[in-house]
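Right after this note come the structures.
In what follows, chain A forms one complex with chain B and a second complex with chain C.
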Partner chain A sequence: MAPDSPDVSRTRLDTYVDRYAARTQGMTASEIRALFAVASRPEVVSLAGGMPNISGLPLDVVGAAIADLVTQRGPVALQYSSGQGDPTLREQICEVMALEGIEAHPDDVVVTVGSQQAVDLVTRVFCDPGDVVICEAPSYVGALGVFKAFQCQVVHAEMDADGLVPDALRQAIAATRAAGKTIKFLYTIPSFHNPAGVTMSAPRRAEILDICRSEGVLILEDNPYGLLGFDGEPMRALRADEAEGVIYLGSFSKTFSPGLRVGWALAPHAVREKLVLAQESATLCPPAFNQMAVSAYLQAHDWQGQVKQLREMYRERRDAMIEALHDLMPAACRWNVPHGGFFVWMSLPPGIDAKAMLPRAVTARVAYVPGTAFFADGFGSGSIRLSFCYPTPERIREGVRRLAGVLEEEMELRATFGATGGHALRLGELPRSGYDGPGTDLS
Partner chain B sequence: MTRPVVVLAGGLSHERDVSLRSGRRAAEALRAAGVEVAERDVDGTLLAAFTAEPPACVVPMLHGESGEDGAIREVLDLLGVPYVGAGPAACRTAFDKPVAKTLVAGVGISTPESVVLPHETFRELGAQDVMAAVVARLGLPLVVKPARGGSALGCTLVSDEADLPDAMVDAFAYGPVALIERFVAGTEVAVPVLDDGTGPRALPVVAIRADGGIYDYTARYTAGSTEFTVPAPLPADVLAECARVAVAAHEVLGLRELSRSDLIVAADGSVAFLEVNVAPGFTETSLVPLSVEAAGLDLGDVLASLVRAASARDVRAGSRAAG
Partner chain C sequence: MAPDSPDVSRTRLDTYVDRYAARTQGMTASEIRALFAVASRPEVVSLAGGMPNISGLPLDVVGAAIADLVTQRGPVALQYSSGQGDPTLREQICEVMALEGIEAHPDDVVVTVGSQQAVDLVTRVFCDPGDVVICEAPSYVGALGVFKAFQCQVVHAEMDADGLVPDALRQAIAATRAAGKTIKFLYTIPSFHNPAGVTMSAPRRAEILDICRSEGVLILEDNPYGLLGFDGEPMRALRADEAEGVIYLGSFSKTFSPGLRVGWALAPHAVREKLVLAQESATLCPPAFNQMAVSAYLQAHDWQGQVKQLREMYRERRDAMIEALHDLMPAACRWNVPHGGFFVWMSLPPGIDAKAMLPRAVTARVAYVPGTAFFADGFGSGSIRLSFCYPTPERIREGVRRLAGVLEEEMELRATFGATGGHALRLGELPRSGYDGPGTDLS
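Then we have the complex of A and B:
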């Protein structure tokens, strides 16, 4: 080979490639994520997106409230504010949480930039690299991204139709400690789980709380969908029965507006102090304008009536999806019937790989999220998450029809090749990329 | 008021995301060169928009099916809108890797031995028997890829025969026909070819070395994960052969203005043709912009010269361009 001449250019197209923190490992391009770009086109029925459907919001009310905010309280709304968040809003947040049985003081609430930032702040405050976070299997892709960014090790514990399985939690705790690792908290989504769609039953909640109390494991309760149940009153939050051992996260993204990015953490006093300092370090303060807009909306509008309408809309879409799945899906598919929230979790026929099938689905103009996005350990290829929150019932049925055709073709192909599917990881092998999950508009 | 040049990007192909990034960069480069540019996606409003206000010229930055298979260019011909790059017939030939390989081999250029099979054949004849015959003929390792498509989507390097069934299924997820090619170890290179009306010429040869050893989707679009060397660290006669092969492929396939040939240089210096791209990527990690820069050229000036060539050609040829 010829030696390099002075004119030879050698480049990696990234002059910072040797300077990145170790935590950026795995922050790579992914062909799965790239396929989601097609899902945004109207020709595609996206059963992938977790976008709240805000079409029913009273925009005139919102507009008037925001106009008043600017003209009457502009100098405050457009200024820096408290790192802990707007005091009036924190009082209102306590009223919201009371619907789930939580008695809280506004002083213990920290307003965050969506509850996503609350996950980030809690992890920042608690976790060193290598610390263990126990998560349900599967778990929310956005939280897994945070844990990965802070170089935590995620240990998954199984769920069943009643939510997190107590024995699985006990085993995860015991195995982690036996390995000499430190558990920093259990991350759980007890109500209308993303992506699994299941809700932790009341007896199960008591049992999980007991285990965590006796084992000294802090609980991070993420509850963005808690008010979006289709049957009866909201479930009592874990935090309602345990004040010291639970950090509770809430959000206005699903009940009002995801674009305003207003969420919160309710934490024991000492933790709350650290969260405020972490918040000030990260953003100085959550956006005053957005907080005051949410506050004004809560004051000016029958927001609970609005949530009731949302519940009815989502229930209709849930029904459309379940009916379509029942009518159209191959017999070997299994799915749950969620009683709230946005998502159905579906197990594919044996041997089908959800990631490998996605290009075929996109060609057929339907999109879903492969189950692997919701596991930190490479599992999940035999499952998919289907969301029913955004498309109309008619589009949901059409999307399921297309997906059923894709599945039939994939099953036939797999049968032809005797392909194992699942791309099962060999023992000790780690998945190459952890960022196959969808972007912000889909998570 | 002059009519703008329109950069078309996006579309509905699996490479939509890459296409949008290519389009953005091409548009910015053209603007920097003083060209009035509009960017737009391909959707149901395109024809009406182009009929109401025909662009001066179109720069198709659409990757994958529809963009590179000639379909959009066929429609642009129908509308009489000039565009940069090959015509529909040439695109259909070049985008189909097996067809392109056959035509290029016909002018004496080496290309790895391969077989081309639709999935129906496996079903009819029995996949295990067909795969065994393929391995017996081509040996291992093998490269399995969709017959049509880009960005290495659906491509797998198979070193163990037991992995072949999953690789086949992965390829068929992107299309009904798969190309199974004997793997040739060596230096992977890319050679852009430009023709601004003065005849096709090769730009500097880019050598590609992905950290993981495989220049797959992640290696292609994650800055920092692949080392590029321009010109490739190869003897002068090998570089010249790479350039000759790329220009010959461009000519035999009837391509125009711009193409990029992907080649492999074996340890003995022999050059083999893998595939050609009629709408090569222009993203931040793409190869054509790298080569243009290494040639001491400005990306915007180059694109502007291709726009001028395309516009002049279509003025000469009439609204229905050949090729």
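Then we have the complex of A and C:
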């Protein structure tokens, strides 16, 4: 514990290794995190990250609104505020949710530091170690990280082209309960799923709600992409048809700015009270400044017009990706066509391991996320997530071309040597799933 | 679970009452929180809250810096960033800490959503249910809330006019270990203590460090007020003399703006890695915008000159409070004279209950925080925290005058009826401690 050798500490063993909480065993660096450093090199086409493209934001409007906020309302915007969040913003949030058929009261909304924090607070409030959370297969890597960090067990239920499969959900519930375990909630992303690209159809939504009502399973509906559909009006949220059995999570990260970290949870009243207490413990209050900045932007700007532009930009990129996949990918690849959001889920030709292939892809200057990142149980090695949100259509096509080249080589190697590459590049010996995700037969 | 009766849900019993995690039993509304609504009425002089006075901030400078940030660096400031925090800000944080004798590397700093989140993340990383955290008696209410929420047991150790008492710490360590419990860390606020107003002397710091080194107890040093001393140079931080055994927490909430929620933890390298993973799970990343705003402010403005002005303003208010206490309080009251920070700790005349008296004080248009808020074990009912940070010197004197009036009446009632007020106003039957805090014999 001597303070005189700071450089040595870099290489020293962790002196605290025996002192951490048990939950830290579930806190490991995500595969996406390790990729960020690589994918940010300019020569690499990153089809990996989920960063929204904010280049179209009216920076002059935002800058002026924020400067006014400081000079005219600085003493409030720069001060502590309430744990629940700014009342005006909570009213505006209810107006945003009304676009998806939700009738809600601002008093049932809690503002969070991005909707990631909402997942964290809900899990903190509901989950003891060993409790089960049912998730789609695959599911959002950031939510899986929270569930692991709170020592939950994740049980996956399959999806098809219409989203979560009712029988798979019923089976997951029955099997979990038969094993004597407690289900705390179903975590679902019904619209423009991350990473699966699938959207739960309207009849399917009714069916899933029915199952959860009759089984008494709370639903955690995560909906960051709901307003980013490419065809017609937004779908009705699950929460629009069930107030008491659903906690709904929303975010301004995809419709405005992720750098302000403003998300929210809409919850049944008693749960909302618990979430505010958890928020006060976690941060005292979310930043007043950011909330008032979002509020001012919503008021000062035609934000819905802006979202319409975003939808058009993302649709163009989706089209570019699907066209390139169609033109360039080996015949054995399968993918779906998302109707909104940021992601395409692609299954690789049989026998190719997504994780083992990644270093070669990066050498060929293209990055993706291996499917294993989106399963809590090591499955998914035969699939990858491709995101079309950030690169331009030209770069997307170039990225797909590079990836197709890597795949062709992999298949050739495999045909010649019967395995994926040399030993040095085999990054893991994970079980290969028979099921690797939904809707990859839609191409 | 029918969605058709949203109003009824307000009065309905909590249908989730059996489903919450065990940790929610430790999540209760703090006494300070309940007071905020009352204390914000303009006719009440609040000596309760710990809100910094930010009226002196150069809003034109801040507004211009932030507007530039949006228009010139918007694509970065409004985007996702790293879980560890902005590298430039982390360098500046090291310069800030150097003012207290700390030599640190930016790579060992994690930016947090206020230093409250730093307490939360450290506790999350270290504490399993039942683990012990040693805290000063009294201690910061917000930290006690985190320890409770993570199901820790808090063991208090007494302070005197020089801060935490070495023998009390030794005794707390020995007794805890004798009981077979695990101590995860000592939580301490060495400078300008909240709520006790006391500062740990230099020799005492060396002694406390020695004890923790030899006993192998990690120190969590919370130092939001360190630069707000009224006399001379800042004290050397504990971390300045011990790098491996101390996690240091800092904040821009008191030296710049609490509404941006930018704090940090400086930790031994291996711990820092765990904290970043915990941060990624909690929020993905703290808001880039806020970090760059603080960074721009530190660069664009003579922030140390600003802090000097803050010190002078707070010293003037401290003087106003001490003078008013001296002139107006009943002889049986005792308080200390803080040399920095925001708070005076006052012990009431024997037999007067701080919580029971509070409603009468608010009726007399003055608010304070009862001492019980700062103990995990119900002690502290004979003391109160008085803050001098927010009201003007004139309002402070008026608040003290009102409080003195309430106290005189209480003492008179007590002399006549032998107890504190009527039954209707007795808010609790908490144990009355023989020890109620430090340094109250310094008046």
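FYI, the second predicted complex is superposed on the first by the 396 of 443 C-alpha atoms of A that agree within 3 Å, B and C clash if a C-alpha of one lies under 4 Å from a C-alpha of the other, contacts with A are read in each partner's own complex, and residues count from 1 in each chain.
Keep this in mind: contacts are C-beta pairs under 8 Å (C-beta built on N, C-alpha and C of every residue); 3 or more make two chains touch, one makes a residue touch a chain.
Fair warning: this is a prediction, and the values are worked out from it, not measured in the lab.
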Touching partner for A:Glu43 - first (chain B), second (chain C), both, neither: first
Chain B versus chain C as contact partner of A:Asp60, first or second or both or neither: second
Touched partner set for A:Thr28, first chain B, second chain C, both or neither: both
Chain B versus chain C as contact partner of A:Arg414, first or second or both or neither: first
Partner chain(s) touched by A:Asp14 [first = chain B, second = chain C, both, neither]: both
Larger contact residue set on chain A - chain B or chain C: C
Which of chain B and chain C A:Ala270 touches, first, second, both or neither: second
Chain B versus chain C as contact partner of A:Asp128, first or second or both or neither: second
Which superposed partner A:Ala367 touches (first chain B, second chain C, both, neither): neither
Which of chain B and chain C A:Pro359 touches, first, second, both or neither: first
Residues of chain A at both interfaces, chain B in one complex, chain C in the other: 1-3, 9-10, 14, 16-17, 20, 28-30, 33
Touching residues on chain C, where the partner in the complex is chain A: 1-3, 6, 9-10, 14-17, 19-24, 27-30, 33, 36, 51-52, 54-55, 57, 59-60, 62-64, 66-68, 70-71, 74-83, 103, 105, 113-114, 116-117, 120, 124-128, 131, 142, 145-146, 149, 184, 213, 218, 241-245, 253, 257-261, 268-271, 274, 277-278, 280-290, 293
Chain A-facing residues of chain B, complex: 12-18, 20, 43, 119, 122-123, 127-128, 131, 151, 153-154, 165-166, 168-170, 172-174, 212, 217-218, 220-231, 233-236, 284-285, 290, 293-294
Partner chain B, residues of chain A touching it in the complex: 1-4, 7-14, 16-17, 20, 28-31, 33-35, 37-38, 41, 43-44, 353, 356-360, 362-363, 365, 410, 412-414, 416-421, 423, 432-433
